[in-house]
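What follows is one structure encoded as structure tokens, with my remarks underneath.
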Amino acid sequence: MTKIFKYIRNIHYYETDCMGITHHSNYVRIFEEARIDFMKKIDLAYDRLENLGIIIPVTGIDLEYKNVSKFAQVLRFESAIVYFTGVRMTVQYKVFDNETDELICTGHTKHAFVDQNFQPFALQKKFPEIWQKFQDWNLHKDF
Amino acid sequence: MTKIFKYIRNIHYYETDCMGITHHSNYVRIFEEARIDFMKKIDLAYDRLENLGIIIPVTGIDLEYKNVSKFAQVLRFESAIVYFTGVRMTVQYKVFDNETDELICTGHTKHAFVDQNFQPFALQKKFPEIWQKFQDWNLHKDF
Amino acid sequence: MTKIFKYIRNIHYYETDCMGITHHSNYVRIFEEARIDFMKKIDLAYDRLENLGIIIPVTGIDLEYKNVSKFAQVLRFESAIVYFTGVRMTVQYKVFDNETDELICTGHTKHAFVDQNFQPFALQKKFPEIWQKFQDWNLHKDF
Amino acid sequence: MTKIFKYIRNIHYYETDCMGITHHSNYVRIFEEARIDFMKKIDLAYDRLENLGIIIPVTGIDLEYKNVSKFAQVLRFESAIVYFTGVRMTVQYKVFDNETDELICTGHTKHAFVDQNFQPFALQKKFPEIWQKFQDWNLHKDF
């Protein structure tokens, strides 16, 4: 069973800029969509976690833009958990044109696990089942 | 003393779209910037009001787009409170090219005054000084 | 056959604001998504029209916000062409919670048909088949 | 004379999310604002360069988020060109609370110089004065 998830979606008109291409900031936003989408699929929905007091802010991002994309282009966002300790997590992303498989962009988001006061806490101790689920889906390396 | 406030700002690259112009949704956002800016000037800063438990959500908007604007163009957002009852408020906006005075867009935002549970409450009774300040800056008609 | 189209999508994390709700400007953007989605379904894809030199800028919008929505909430955007002359068009929108059918927001966007230099032109004469298609899907009244 | 530029601006309401903080994607956008602002100051305005056929897309970004910021908080974006070859450029950024000097975030954007068809070209040969200006403002190292 693969631990790499797919999220397919087209580029919206308002996501383009006057260079005629998708504005680079929007990939950061769609990374978030892709991440939230796969976390829901593995029964770790963001809103459920936030209701439990588990907040997962982004602590770092990096992206490399390989090719431009345009309005109405259909992109496939592949993502996976590639590092997880219970305190920190890294998610990796690869973005392709969904038809041609042309590589559009790659990147990572880094995350911390904090409570509603943005304080770190022992996820493994407080929510062992949730910790286990993250661990189960951990690819342990870049894909 | 005028009750019409000015907020001047240039269009950002990421606010344009592949038509080469400012995306129409961004005027709604800059209306908010202009509104928050003048409310701060009249000692009704949004964050202070929210700390007091006074939330002012948008209940309606209308905009007419007269001319396009482009990246780096400097626009002047003129705005005023044109209707205020303590329960409801309307703010009007006119947007001009700041150099040529060409009219770019006009519009209104409608607002309700609610508490942190989104319930209406008696602003005049609970915060008479704040109510008075809104009333003082009320233009009572479109400009 | 209905002329009212449905576009279903959940609210993204980055579309919420510190009031804890969907920022009002985002409905304007999702109206655009819904409009572009149904135009593609009736073989009037935006990118195809733009390649033909048919540009359809927004000339006006109005929205009424009835109820708030939140992160991860699934909304149903219903939309229809309610006015079309070949020179101007109005699209109407109603937004519902997709499960409870609670009404979230209603609105309209007004449009002009212009060429790539933003000049009006005779759509009916120059592209009679495209004109006919818009006419066929015209509901002729609010729904 | 310093080669590090300052861009000061407050966080807008629509830039916050339901976590109550500035959404991480918005720093990417404000980096762009800061970069475009200092390029204008050194007579390398983006719109002038684009009119000359010099396009400077973003080819990579990295950010580290150190502390959260909130609605209405005034941030100071410090930025400088830290690498420039005529073919590629890196801009570095440091973001501070403008009052307390608390470090909010750091990062880089990487850029290529291409023509309007997104093809690389010899900036130094074709526009030696513009090349020289980038070179003059090059800090040659991270700050």
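Going by the order they are written in, the chains are A, B, C and D; count residues from 1 in each one.
Everything below uses one rule, namely that contacts are C-beta pairs under 8 Å (C-beta built on N, C-alpha and C of every residue); 3 or more make two chains touch, one makes a residue touch a chain.
Computed from a predicted model, the values in this text were never measured in an experiment.
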B-C versus A-B: which interface comes out with more C-beta contact pairs? B-C
Of all chains present, which has the mean Cα position farthest from that of chain A? B
Between the Cα centroids of chain B and chain D the separation in whole angstrom comes to 29
Roughly how far is chain B from chain C, going centre to centre by Cα mean, in whole Å? 24
Hey, how far is the Cα centre of chain A from the one of chain B, in Å? 35
Which positions in chain A touch two or more other chains at once? 13-14, 21, 25, 29, 32, 71
Can you name the residues of chain D that touch chain C in the complex? 13-14, 16-18, 20-21, 23, 25, 70-71
Touching chain A in the complex, chain D uses residues 19, 21, 24-26, 28-29, 32, 55, 57-65, 68, 118
Which of the residues in chain C end up touching chain A in this complex? 12-14, 29, 32-33, 36, 40, 45-47, 71-72
